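Down below are the structures I want you to see.
Consider the two complexes below, in which chain A is the common component and chain B and chain C are the respective partners.
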Partner chain A sequence: MNARLRRNGFAWLLLLPSLLFLLLFTFYPIALTLRLSLFQADLSTPEPVFTGLDNYRTMFQDEVFRKVMGNNVLFALGTVPLGIALALLMAVFANKALHGRGFMRSAFFYPTLIPMIAVANIWLFIYTPEYGLMSRLLSWFGVNDINWLGTPGLVMWAMILMIIWKEAGFFMIFYLAGLQNISKELYEAAHVDGVGRFTVFRKITFPLLMPTTLFVSIVALTNAYKLVDHLMIMTRGGPNNASNLLLYYIYETAFSYWDQGMASALTVVMIAVLLLIAAVQFFGLDRRIHYN
Partner chain B sequence: MRKVNVTVMAAALGMSVLAGCGNNTNTNNNNAAGNGSGTGAGEAAAAPAGNGTKTELTYYYPIAVGGPLTATIEAMTADFMKENPDIVVKPVYTGSYADTAVKTQAGVQSKQPPDVAVLQSTELFSLLDMDAIIPLDEFIAQEGGDTYLSDFYPAFMENSQTEGKTYSIPFQRSTIVLYYNKDKFKAAGLDPEKPPATWAEMQEYAVKLAGDGKWGLEIPVTGYAYWMLQTFALQNGNNLMTPDGKKVMFNTPENVEGLQYWVDLAAKHKAMPGGVTDWSTVPSDFLEGKTAMMYHTTGNLTNVKKNASFDFGVSFLPAQKQYGSPTGGGNFYIFKDIDKKKQEAAWKFVKFMTETERAAQWSIDTGYVAVKKSAYETERMKAYAAEFPAALIARDQLEYASAELSTHNNGRIVKILSDSVQAALTNELTPAEALQKAQNEADQALASFNK
Partner chain C sequence: MKTKFTSRLGNLLMLALAAFWLIPLLWMTVTAFRPRQAALSGLFSLDFTLGNFATVWSAAPFATYYLNTILIVVCVFAVQMLTASMAAFAFARVPFGGSSIVFLLFLVQIMIPADVLIFPNYNVLKQLSLLDTKLGIMLPFLASAFGIFLLRQVFKTIPTELEEAALIEGCSPWQVLWKIYFPLARPTYVAFALVSISYQWNNFLWPLIITNSVENRPLTVGLSIFAQSFEIGVQWTEVSAATLLVITPLLLIFLVFQRQFIESFIHSGIK
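Let's look at the complex of A and B:
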């Protein structure tokens, strides 16, 4: 008993510094946010007034809120599976390529190195109607002028494409590391047995990469809720909220409408969504994954 | 070794700052040096000056147009300190207008506001609701009251005043003007000295100038949809809000007609790109020759002048019932919850920054419209205008200009209107539906201010 206490005490002592920081910079602000979300705290109320769940009620009737939630789901569905698939493909390719392996890897990786703000500016130009790169490319195929960022039905897809381009290289790095961890003997054995390439991928590579896939998909899914820098540069959430996302809406509510109560309520929803994603992945998918 | 280097460098820096100040005949070199080198050695140098306590002002300023304006602002504050040795102004560059508003708000909440700041003129009601600023009437009375104010253009003062009080002084202000490509006018058989003066002419010209993958006219939308709608509203009727900032009039028949005209230019007449066009794309389209005309801020004048490879003209926006444009830009505010002495010093600074000659020079340096009538009577402005007459167009249009949309809960109101305008431009809603929706939402957002 005593020994156990001593051992645990030592562990707690080691954890103390990081716990302290977590408390101070994560849990404490979350608690404050939770509290403020129950108050009306906007420009018409100099002192916050307790209103219970009013902010949440208003939120769920808010058309823009429903729109940004929908957009976020579309954004996640659009960027995560495709981004991961592309990353895996690029990793397998960059791992196999005999000539110019280094070049290939850096070519795939370089979009990750560019800051999001710069990326947004580059793609703003790419999507410019008439003389933007995309327009010129499409005009060869006889497709007439498309205003990618100015058309409600297209703007989300334009964003999704850009984010996949930006993120796939980053995820590829994890897959490359994962591929290098898979024992060569497995492949040799498969080769001796004369197993086809596709079966090798399906039966060996893919299952053994599952831990990487889990990790990457958590990062990708949370990124789908965290990446909003590009909106600042490209559309400001427009046209008519067609490209608006939850985090940007929180920013607008807090720092443009100065409605801190509502911004807190929205933040609580955001935290809940992120926690849910993490929970599903850790407690749901994690059990089915084979760690070697 | 490294330590020694740092010391040597600091000393050298201090020397050079002192040497720099040696040129002027001001008796208070020590003070200027103290500010110039910031901390450490500088403060030690400032202390022995010993002429009582100095008033320190923190001054937040944003930069919203191109060019190396930080240096200009810092030179202006240095000049001020030369004239007022008992005041130290610390200029703090705070990014865009939005960033500056956020930083100011954070300061107000933590009871450490800046002493003086340039913020958008439309922040008036938000700052009043936060109880962050003071009325300037007392100071203005010292300067001669209405006579002092009457030198400022009334169109600029509109955003400064509510319920009989004046809360801010115009500094970097703009309006919207029409830029047009004279070469394209000639090519299309139009008189390059006669830009379109009415809505009907504008439509006719824009259609004539469009075609072959080029547009006749572009009006920026992203971020500024409400501002552009104001041009049509003012030309066809009245402004969008009451001066007390508690009511908006979005859904009037005149505004619906104005928005319909705007929507039709793209959807029906194909003279303008459909959907939503970005604020910064429009000037580059104009410079690239992709559009023959554009609506844009006068703040872009210097940029267009520098980069246009063709002959261009600047004119009033076309009129319907009358000419009209909203104003835009930033004003000086002085903050509450600071020392009375600081507020007085801040007023001295505001007055200095907007003096006639300085207002003229600031206008020439930036492309902003000079905020005072007398600035246009100065020699430097006359010389500049003779060389570049377009600089006077925006000033002349001020006669027909009116306040930028500014209400209580301004951030939300602006967003509501901008969303609706975008919905109309992308054909999701008809102009009448869009403006009705905006009206309903805005009424709701303003309800708590009308109790």
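Let's look at the complex of A and C:
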């Protein structure tokens, strides 16, 4: 009994520092947000006034909010499937390429290490009309100049392309790790039976990498809601909120308009979205995957 | 014969894609070393200058930004290593009451990362009177659920015989953690370091909102302020040079340790 008590005490002591930071910067702020979202707290109300669900009502009628949510869905749909497919392709080739394995891995992975804000600077120059790389390339083919970041219908696609460039190499690493866990004998057996490369991929590689695919898609989905640094440099959410995303809208609401109640309500929506993504992982997809 | 040809072709295509992936970096590097007129004209020339870097270094306090970033990155990882090792050891090898509930609590941090809690955490920091401090930038990241789960996974694979032998020799459980588990999990710490360091080096929105003085700003915030201080398009060469200054250290470290990084990542138990 005494030994058990000592062991319990030791475990809690080991956990104490991590738990402290976890409570202070994850759980306490979540509680703060939930509470403040029920108050009117902006520049016109120095002392927060309890208004119930008013912030949420205003929010759902806010056109910018709807726009931002739609943009975020498009952003996720554009970046997640394509980024993952590309990452898988990269990994399969970079795993046993005949030539240039190290070169491939490095070339695909390096964007991961570049800060989003620097990525934004680089791609701003690529997308700038007249002087940018894109304009110059297109002008060789006689295509008229396109203002990628200034056209509402194009700006999201320009961002999606940039994010795929930045993320795919990171996801590739997880697939490379996943590939190491597939037994070589499976491939040898397939080879002996004369099975084609594509069939091998479809019947062996892809199904056995399913746990990795699930993990990567959760990371990618979460990233679609987390990555907003580039907006600060490239568009500030414009033109006309065409590239605005939820987290950037939270930033604007909190630190440009100083509407704290609304910023809290928006943060609650963000938390709900992230919990929904996690729930899909736990209850939906997880059951249909075969772990070997 | 046919499969050999197609796999060669595939390989070639992927090499082309890899080369394509390098274009943004090359384009920016070339711009950073060219005089402004040459860069704007877009014609091919061999003009070369280091002037852009000189301008950048004297126009903004990049030396201070550098020191701040390095300090933040090193401190955060050092503390994370300590807190995560301890917690991971508890989860992996010290059975205790309520462990599954505490485990779930940490899972929440993975689902709802500090990045999206910028506004409430700003309020927490205000309550602690730590706005505009380097400590304030670090605090929300000092416990890493990612690190805990990663290390727990590896600690579980270490044979218990080693631990038992050490306990018989008279080691305390605390010493067992640092003398047996810590050194044996080295490859995982390398992967953890790569993730943590690049995360902190690249972190932007959080330090942006809580700092407002040069002494506390990290590189990313400094870079964005520098880039926004110009009319877009006019000062490309300088902004390219500044961007290159910010990204080079991490890229160099990665190039030098490329093999170890990727290998340790692949074998670290991240899946």
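The definition used in the following text is that the second predicted complex is superposed on the first by the 272 of 292 C-alpha atoms of A that agree within 3 Å, B and C clash if a C-alpha of one lies under 4 Å from a C-alpha of the other, contacts with A are read in each partner's own complex, and residues count from 1 in each chain.
The rule is short, and it goes like this: a contact is a pair of C-beta atoms (placed from the backbone, for glycine too) under 8 Å apart; a residue touches a chain by one contact, two chains touch by 3 or more.
These numbers come from a predicted model, not from an experiment.
Asks: Of the two partner chains, chain B (first) and chain C (second), which one does A:128 touch, if any: first, second, both, or neither?
Replies: both
Asks: Does the superposition put A:71 against chain B (first), chain C (second), both, or neither?
Replies: After superposing on A, A:71 lies clear of both chain B and chain C.
Asks: Touching A:94 in the superposition: chain B (first), chain C (second), both, neither?
Replies: second
Asks: Once the structures are superposed on A, label A:43 by its partner contacts, choosing first (chain B), second (chain C), both or neither.
Replies: Once the two structures are laid over each other on A, A:43 reaches chain B alone.
Asks: For A:257, is the partner it touches chain B (first), chain C (second), both, or none of the two (neither)?
Replies: Only chain B; A:257 stays clear of chain C.
Asks: Please tell me which partner, chain B or chain C, touches more residues of chain A.
Replies: C
Asks: Counting only touches as set out at the top, which of chain B and chain C does A:11 meet: first, second, both, neither?
Replies: The answer is second: A:11 touches chain C but not chain B.
Asks: First (chain B), second (chain C), both or neither: which does A:117 touch?
Replies: So A:117 only meets chain C here.
Asks: With both complexes overlaid on chain A, does A:241 touch chain B (first), chain C (second), both or neither?
Replies: Only chain B; A:241 stays clear of chain C.
Asks: Could you give the residue numbers on chain A that contact chain B in one complex and chain C in the other?
Replies: 124, 128, 131, 255
Asks: Can you check the complex and tell me which residues of chain C touch chain A?
Replies: 3, 6-8, 10-11, 14-15, 17-19, 21-25, 27-28, 31, 40, 42, 82-84, 86-87, 89-90, 94-97, 99, 102, 105-106, 108-109, 111-124, 139-140, 142-143, 145, 148, 173, 198, 201-202, 204-205, 208-209, 219-220, 223-224, 227-228, 232-233, 236, 239-240, 242-243, 246-247, 250-251, 254-255, 258-259, 262, 265-268, 270-271
Asks: What does chain A use to touch chain C in their complex?
Replies: 7-8, 10-12, 14-15, 17-22, 24-30, 32-33, 36, 89-90, 93-94, 97-100, 102-118, 121-126, 128, 131, 133, 136, 165, 169, 173-174, 176-178, 180-181, 196-197, 211-212, 215, 222, 225-226, 228-229, 232-233, 247, 250-251, 254-255, 260, 263-264, 267, 270-271, 274-275, 277-278
Asks: Within their complex, state which residues of chain A touch chain B.
Replies: Against chain B, chain A makes touches at 42-46, 64, 124, 128-131, 145, 147, 149-152, 234-236, 238-242, 252, 255-259.
Asks: Using the touch definition up top, name the residues of chain B that touch chain A in the complex.
Replies: Result: residues 98, 101-102, 105, 126, 129-131, 213, 221-223, 273-278, 280-281, 285, 288, 290, 408-409, 411-412, 415, 418-420, 422-423, 425-426, 428, 448-449 of chain B touch chain A.
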